[in-house]
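Have a look at these structures, which come just after this line.
Okay, so subunit A shows up in both of these, paired with subunit B first and subunit C after.
Presenting the complex of A and B:
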């Protein structure tokens, strides 16, 4: 049905795509895979009309198709759900879903009742329980992603492109979405599915196209490959057996307590959370999205105030009034929300790297620019950040490299405690592994790490100990042999408290 | 509870609160005279030009742009209307319609520059502001001219029991309400809310911006005509204060300058607040300042100082009230489906 042939695209000096090809049949679910910077997003944006291609052809039903704008793409029944969302925060859920194709009645007026009804139908199909009159800015990110999918479906597309929409969804939400997608493929919907989660790709997709360096490396049938084949196609290397090696080296050493919380209470979100963290330990916070993990981290960091409870850091009781206080005491914070809480997009790589270090100095302290430059170069080399140079702006980097910038920022100041909130959201498997290695190195040098993640695999992989949150409380602590996926999932679904359990 | 929720999510809340406050204080300093129909009439006819300018500004601000040329555009409309009627002896209707058309064209010009040449509106309208005020000076180099007495007495009079200016404002409000019911009404907010999202949804950003600027130009034209009827003469500097005051009114009314959030109701309240503040200060000095010795002879300076201080207070409270930590509107309270997931 759809064919993209030898697509090329350059942004200035950077070649994003060369000879990328892709085909999609009705009823097919194809995965689009590739490391960060491999050109996945660019290809998706070309399909969505956000970016114009430089060379190559797109054929729809055998006829050449010219996509000049998102309008062209939508009119040819291609709908894209973007990773960074195409929602307007200030409009209601219903208005967003029907934006651009409002049902109109007499004299061309928008019929708001039908807007609401149409939106409600789509939301019901996706099984999202959300008030269609609520503003999108009021929703949590998982719900926003689902609304984005509903919005794409509103166009009744023949081809649906899902660009990492599952990144912020949780297990049960993903399963529901997949059930719906499998149903829709029966009626001939073609789906292009972009994800970093291999388990999702293997459970949903029929075929996969792998991009590396802007080129299509392989187009395969999922049933004929395994994880390592795909990783090989993505990276050109066979995956090492990192995990096995790392399990042996972990010896539980009891060291001094760096942070202890007792009965921490944050309004409506966190209820009587107590925890103790030792130096050099990596503690994972697990659970469904929005069960209080994010607020706990932010309360420690002083970004959210807690109403009750005590916090002892480095032996002294503390209560930070602002993140600045926390940073001066040696606490670092890395957010998964790069755009809002991470990078300064238009500033240079160097400035981004030195941001935390600078914050420790006064407003008028002197800065040696040569020292900055060499320091930045050194860090770029050390973290294997792919950038044109220390002067290029942070937004010219791919998502995974931007996140490495933020990790590098804290690596420089060597904090005693590093807090991470879902740091590898939307980061590819290679960059994720590198970030994990950096975190392990930091832990070995005595930095204590608390990491929350929506990805179970990541938590099991990196954390020495996992605290599972459910409705603002810590319901389970998993360490050593209890640290299994089954234990984690059952704890995060709160199985021991509700009789029903998950639906899958 | 529901009402409170509704009120809190209304972008215009700060505007309405400020206006209510101003009305109460005005009643206190002015006394029972406030409640006469003639007083309402004078409030509305004096402030109608600013109210209209604020409406014009709001529409542009909702798309995430700004229009600095509103003041000079009003001047241009004033000078053209006066010149054609006085010097060339055109009929009042014809000359005023031509002036209105000129105002609309300035809006079209702004729209073309902002939407199609992609020059930020702050720069684009700053330059059209200079060009247009130069044009006005060329049309009418020095103050002069008159307006037929029927026109200004009709403007300051009543129509079916209500002040004429109330009808004019109501007509524009109704027009905007109708436009809001069309897709373009949604698109204006969508473009201002997040331009990239609107574009990705297949909305033609350029057309939306062109429309907003054109509509704004048209309403600015009406504002210029109201000003002409009010002042009953021409002056190449007449519109000067309206450029920035219209922006102040928009902010006071709770519309967010980055776009996508707000409405004309708040801006009307904001404009009336600005008008009432000068009223309040006037009565304050008239009725009470005499009690303080030595203040009477420099009072006009102090009057201005005081009213500007009040406006700063209003602006500060308008900017800080509706914004929550996470951006716009209510705090994040809803959970969507995650809560019932299990």
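Presenting the complex of A and C:
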């Protein structure tokens, strides 16, 4: 039905796509896989009409198709749910879903009752419990993603493109979405599914197209491949080797307590959380999205205030009024939302890397540019950051490399405690592993690390100890042989309370 | 007059690929410089006197005055958050009024005058910063309201007509020349460029200012004291604008209430023509100076062409729109 042949696209000096090809049949669910920077998002944006292709052809039912704008895309029954949501935050859920296709009355005026009705039907099909009159800006990210999907479905497409929409969804929400998608493919809907989560790809998709460096590396049937085949196609390396390189056994030693929280309370989000973290330890915060992990980290860092509770850092009771105070005491923070809270998009790689260091220097210290340049080059080499040079703007880098800039920023100041809020969200496997290795190295050199993650594999892989959050409380603490996926998942769902960390 | 802006665009894939990123960042400033030179050349064709060293010197003097008013504007625009300072003209006026009133032609009153002018400018900036950062009034509204307050203060202080004139030494610097093409004001302008460049590129304040303008959330979470950095830009803007008033009376030898107000919007235009993005996080003061030269040459050229006031306004507007339209034609960066 749809074919994309030898698509090429450049952004300035950066080649995003060359020779990317893709085909989609009615009723087919195809996964689009690739590391960050492999061109997945660009390919999706070409389909959606957000980006114009430089070379190559798109065929629809054998006829050439020219997509110049989102309107062209929709007229050809292609609908895209974007990863970086295309919702208008100030409009209501219903208005967003029906945006551009509002039912009109005789005078050509929008009939808001029918808008609401249409939106409600879609939301019910997706089984999302949300008030259609609520403003999108008031919703959590998971619900926003589902509204984005509903918005795409509102166009009654023949082809549906889902660009990492499951990234922030809970397990059960994903299952409900998948059930709906499976039903819709029966009626001939073709789906292109972009995801970093392999388990989802294997449970939902029939076929997969793998991109690497903007080129289509393979197009396969899911039933004939396994994880390692796909990882090989994405990265060019066999996964066993990468795994072997990073397996360094580390014996947990009893060390000083760096941070202790008792009965931390953040309004509506965190309820009486207590924890102790030792020097050089990597503590994972697990749980479903939005169970208070993010707020706990931000409360420690002074980015949100806590109403009750005590915090002791490095032996002294503290309460930071702003992140600036926390940074001066030797605490660092990495957000997974790199666009909003990570990189300085138009500034250079160097400036991004030195940001925390500059913040520590006050206002009127002088800067030696040569020193900055050599320092940046060294870090670029050390973190294997792919950039044209230290002067390239951060937004010319791929997502994974942008996130490495943020990690590098803290590597330069060597904080005593590093807090990470879902740091590898939407980061490809290779960059993720490199970031993990860096964190381990930092831990070995005495930095204490607290990391929250929506990815269970990541937590099990990196954390010495996992605290599981549920509805704002720590409901389980998993270490040693309890640190298994099964234990983690059951604790996340609030099923099985092993040891109460927060209720006593 | 017709310019072909396309000639100036760096096209991707034209064999300059490696330099494209670097070139694009310097692009707008180079473009503005080229336009300034072009306007000079056109002026030369219209009137031979236009390219005389004295006339070039005068144009540069006037450009430097605009450049002084636009100095603080540059900082505020770089600081982002829809930053703009519409009180620069009023602060300039206040600086001018204070300068003549305090100096009254006496050389030994120069230092007290300078101190008071800078203090008054700082006060305007502090009030702006409090309104914008603490009370969260949008910068456009806050600074516009502040401009009204400052104008009224001048009226009350002077009863409508400031008395006095600049000290002899100041007037000498304001109108004297080191060389025919190089008035002392231009020397001071060059000095100001060096100092602003040092502030922006070689101090941690400048570094953090760009960071805050580019992404204030990210800067905040990296430990940058965003409020102080951004507030500081408004305070510096007030001080620099008030100082501009001092040089304005040095050049003109007299003061009147609101004499700086005509510089308010041109200061924003100079910043933008010089390549500083209104979105914040990028730009330079040398660019602003070049932008000020472009606007001043254009103004003089229209006078030489005997264009009437209405015609001048229209051409000014059209040229600004053409420039800004040309600026947006740069190669997209990966999103």
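Following the convention adopted for this analysis, the second predicted complex is superposed on the first by the 487 of 504 C-alpha atoms of A that agree within 3 Å, B and C clash if a C-alpha of one lies under 4 Å from a C-alpha of the other, contacts with A are read in each partner's own complex, and residues count from 1 in each chain.
Simple rule for what comes next: a residue touches a chain if its C-beta (ideal position, glycine included) is under 8 Å from a C-beta of that chain, and two chains touch if they have at least 3 such contacts.
What you see is a predicted model, and the numbers here were worked out from it, not measured in a lab.
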Inset, instruction - Identify the partner contact of A:347: answer first if only subunit B is touched, second if only subunit C is, both if each is, neither if none is. - result: second
Inset, instruction - For A:90, decide between first (touching subunit B), second (touching subunit C), both and neither. - result: first
Inset, instruction - Examine A:223 and indicate which partner it touches, taking first as subunit B and second as subunit C; both and neither are also allowed. - result: neither
Inset, instruction - Examine A:362 and indicate which partner it touches, taking first as subunit B and second as subunit C; both and neither are also allowed. - result: second
Inset, instruction - Name the contact category of A:110: first (subunit B only), second (subunit C only), both, or neither. - result: first
Inset, instruction - Using the touch definition from the top, say if A:327 reaches subunit B (first), subunit C (second), both or neither. - result: second
Inset, instruction - Once the structures are superposed on A, label A:388 by its partner contacts, choosing first (subunit B), second (subunit C), both or neither. - result: second
Legend entry - Residues of subunit A at both interfaces, subunit B in one complex, subunit C in the other: none
Legend entry - In the complex, subunit C residues that touch subunit A: 12-13, 17-18, 20-22, 24-25, 201-205, 207-208, 210-211, 214-215, 217-225, 228-229, 232, 277, 281-282, 331-335
Legend entry - subunit A - residues contacting subunit C, complex: 10-14, 16, 42, 301, 303, 322-324, 326-328, 333, 335, 340-347, 351, 354-356, 358-367, 369, 388, 391-393, 395-396, 398, 409
Legend entry - Of subunit B, residues touching subunit A in the complex: 9, 181-183, 185-186, 189-190, 192-194, 196-204, 260-261, 326-342
Inset, instruction - Please name which positions on subunit A make contact with subunit B in the complex. - result: 48, 50, 69-71, 73-75, 80, 82, 85-91, 95, 99-102, 104, 108-110, 127-131, 134-135, 137-140, 142-143, 146, 151, 170, 172-173, 288-290, 493-494, 498, 500-502
